[in-house]
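Chain IDs A, B, C and D follow the sequence of writing; residue 1 opens each chain.
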Amino acid sequence: MKPIILINFKTYESGAGHKALEIAKIADRIAKEKNVNIILAVQAADIRMIADVVSIPVYAQHVDPIEPGSHTGWTLAEDIKEAGAEGTLINHSEHRLEIFQIEKAIDIVKEEGMKTVACTPDAEVAEAISVFEPDIIAVEPPELIAGNVSVSQARPELITQAIEMVRKANKNIPVLVGAGVKTKEDVSKALELGASGVLLASGVMKSDDPEKEILELIEGLDV
Amino acid sequence: MKPIILINFKTYESGAGHKALEIAKIADRIAKEKNVNIILAVQAADIRMIADVVSIPVYAQHVDPIEPGSHTGWTLAEDIKEAGAEGTLINHSEHRLEIFQIEKAIDIVKEEGMKTVACTPDAEVAEAISVFEPDIIAVEPPELIAGNVSVSQARPELITQAIEMVRKANKNIPVLVGAGVKTKEDVSKALELGASGVLLASGVMKSDDPEKEILELIEGLDV
Amino acid sequence: MKPIILINFKTYESGAGHKALEIAKIADRIAKEKNVNIILAVQAADIRMIADVVSIPVYAQHVDPIEPGSHTGWTLAEDIKEAGAEGTLINHSEHRLEIFQIEKAIDIVKEEGMKTVACTPDAEVAEAISVFEPDIIAVEPPELIAGNVSVSQARPELITQAIEMVRKANKNIPVLVGAGVKTKEDVSKALELGASGVLLASGVMKSDDPEKEILELIEGLDV
Amino acid sequence: MKPIILINFKTYESGAGHKALEIAKIADRIAKEKNVNIILAVQAADIRMIADVVSIPVYAQHVDPIEPGSHTGWTLAEDIKEAGAEGTLINHSEHRLEIFQIEKAIDIVKEEGMKTVACTPDAEVAEAISVFEPDIIAVEPPELIAGNVSVSQARPELITQAIEMVRKANKNIPVLVGAGVKTKEDVSKALELGASGVLLASGVMKSDDPEKEILELIEGLDV
């Protein structure tokens, strides 16, 4: 598998509506030109618009552990799938689920044929969550999210541990690392430590020049 | 104001993706032909697709009390607005908010120039919520939602009380009634009791013939 | 009604177990000596121990909107009542409830013959919550809680507004003010602005000398 | 370890205050007379009163993942410990936690030297939760809780699977089974399947004769 750069648009101003579409197009173009693997996690209301235009994978940022039915205002897996989502984040630190809901959400999303990126704050939760066999596990220490120090610089041991613990429980789940990722060194260090890629948000979305920032990150892929 | 028929698509199978679009088109056509006021509350990922096609108002089913920022997977007012939502339900019985969040969500949605339909289970909460001055208040006793008896038949006094209590607190907020609404009698009874319209979901969305059901409801408008 | 000083023990180290009991005894002694009205809001597991020893009112810090039944680990009004609680805080900013749950919790607690102190962050929520007729409303702007500036100094207009809005909706509900209360001036200013007392926590619980602090606050009662 | 019978008092009317104390005394007497291992999980406000009187272990029904501080109305591990709790349920199906909170709550409770009984609805969550090394894991399929069919009769394979999955992840965690346990056959079947005991609530707490019911359950221990 080629290393992944997963860009979480969150609900940043730059990550909503036509502004989101602009950044999505830039990422799409770079991914093709450089032949790299970029995934975009966008707001539910923007999935269809963005997925219609880009050819790289568009993911949702969240899905609720629900089947079709009476669930006003919640996010249904089969609806975001039809809108064009190829996968979804689950249990992001800004949108945590109960443990049983994580199991259920992963099951439902998989049945729809979509990919699941289960987020976790530390190595132990990564091991626990690996029992539910998400397609990818993303480790993001909450205290570093949106900060200026990247997890690969500040807590490299966390990445190594998380990968080891996931391996111990279940060999085949790739691990992304996130929190504070901004430079090519952050990316190359993460890969060097055994990660399959990075998950980032503010590094790109709050950048004055998202294109330049994405190009910078991609340089880190040449390990 | 013309009486309102607000159809909540929920996350019913019939209310997702292209099936949702079909029902939306039917409602749109009937609204024009019969010159009636129909509002559709659809899933976030379907707002843009449906709002692009119909000319009746499309609402969201929920909005989170957040400003742009780090809120992965939550629903941002300005994003659904750009997608085409003209308003949103708030505090539906299947998606309740804390009291302070209701105040904040209503403020944020209004700043975006969208309409707010605040839902409430009873007359007292209707009065309390009217303090926050939503554009519309919808009273739905949870025990009757998705049931076979409509609130206008089963608990007409609740509608009268709710309207009185809202009037007491703030004269100008229209009250919709919901829960179990299915027949023209349900609609006409609601209007007769002083309501400004009805809010319904399963009556249309789980009907074998949504078109016929919408036409039936509309007959109740001729009071 | 004599002005109220309501001390919230929270889950401070000084507010748990035998340390809580010590502060409770001090408050009890001072209340008797000075003939003032002090209420203590303590942790559920400490209610019985403290209520058995002091004669001033002991309140719970929270109650859940539940009837007897299958609710493992939640707080039942009739259980804390039997333990000795004469009242309870509801909807504290650190323990918010949905609007419908506030209505239900207040009803349940009143049926048990206990007093309810409904907490609110601002004047509008105070007005909304007054619809449910709690015995007391406590206004605490969250941004000032546990801070060094008191609400009576920093935002006196909030107190005046809150009292006005409660009066507008329902004449007879006393209003306490909280957040940052520490000095006799904070107390006297609050009373001067029309409040029926103060609600505080860190001012006493994190003080090196809680007795001295309580005596200081009481001086503020002599308006 | 002797097989465990853990009785969850929930917030049943019979499980609050002096009624709770009566059942606790009965359980305590039987435990001594029959030399069996009975644990009582009681409401926070009753822990101290019951722990002062019985010599069998008294547990809390829940603890929040908090350290001492500003957490009004939440349950602090060190406070219930001082009140006499020797352990606590965590993540009961009626009181679920986010996965990260489960990790944190278990860590905090263990630091206090108390026992943790982590509850789980199924075998997969049991395996996941075993990563956090609670002292005991209790498997309770929610659909059978408070029902008339016991898990050992209705879904024996769930028990076997859960035990296997916990063993796979971590050899030394005893597994209790719950949901619908009422008869000696339920108990003996559970032990036969490899469980270390049972967790039950309504079987005893809603019985007309709790003493007779506890004696019945104990007969099941003689495998």
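Keep in mind that, in the parts below, a contact is a pair of C-beta atoms (placed from the backbone, for glycine too) under 8 Å apart; a residue touches a chain by one contact, two chains touch by 3 or more.
Nothing here was measured: the structure is a model prediction, and the numbers come from that model.
Enquirer: Expressed in steps between touching chains, what is the minimal separation of subunit B and subunit C?
Expert: 1
Enquirer: Kindly list the shared contact partners of subunit A and subunit D, in label order.
Expert: Under the touch definition, subunit A and subunit D have no mutual neighbours whatsoever.
Enquirer: Could the interface between the copies subunit C and subunit D be described as same, meaning over half of its residue numbers are common to both, or is it different?
Expert: Subunit C vs subunit D: same; shared/all numbers exceeds half.
Enquirer: Between subunit A and subunit C, what's the gap in Å when you average each chain's C-alpha atoms?
Expert: Inter-chain centre distance comes to 44 Å.
Enquirer: Using Cα averages as centroids, what's the distance between subunit A and subunit B in whole Å?
Expert: 34
Enquirer: For subunit B, what residues touch not just one other chain but two or more?
Expert: 93
Enquirer: Are the chains arranged, by touching, as a line, ring, star, complete graph, or other?
Expert: Shape of the chain contacts: a ring, since each chain touches exactly two and the loop closes.
Enquirer: By the touch definition up top, name every chain pair that qualifies.
Expert: All chain pairs meeting the touch criterion are A-B, A-D, B-C, C-D.
Enquirer: Sort out for me which residues of subunit B touch subunit A in the complex.
Expert: Listed in rising order, the residues of subunit B that touch subunit A are 8, 10-13, 16-18, 41, 43-49, 60-62, 66, 68-76, 78-80, 82-83, 85, 89, 92-95, 145-146, 201-202.
Enquirer: Sort out for me which residues of subunit D touch subunit A in the complex.
Expert: Residues of subunit D touching subunit A: 91, 96-100, 102-103, 120-122, 124-125, 127-129, 131-132, 165, 169.
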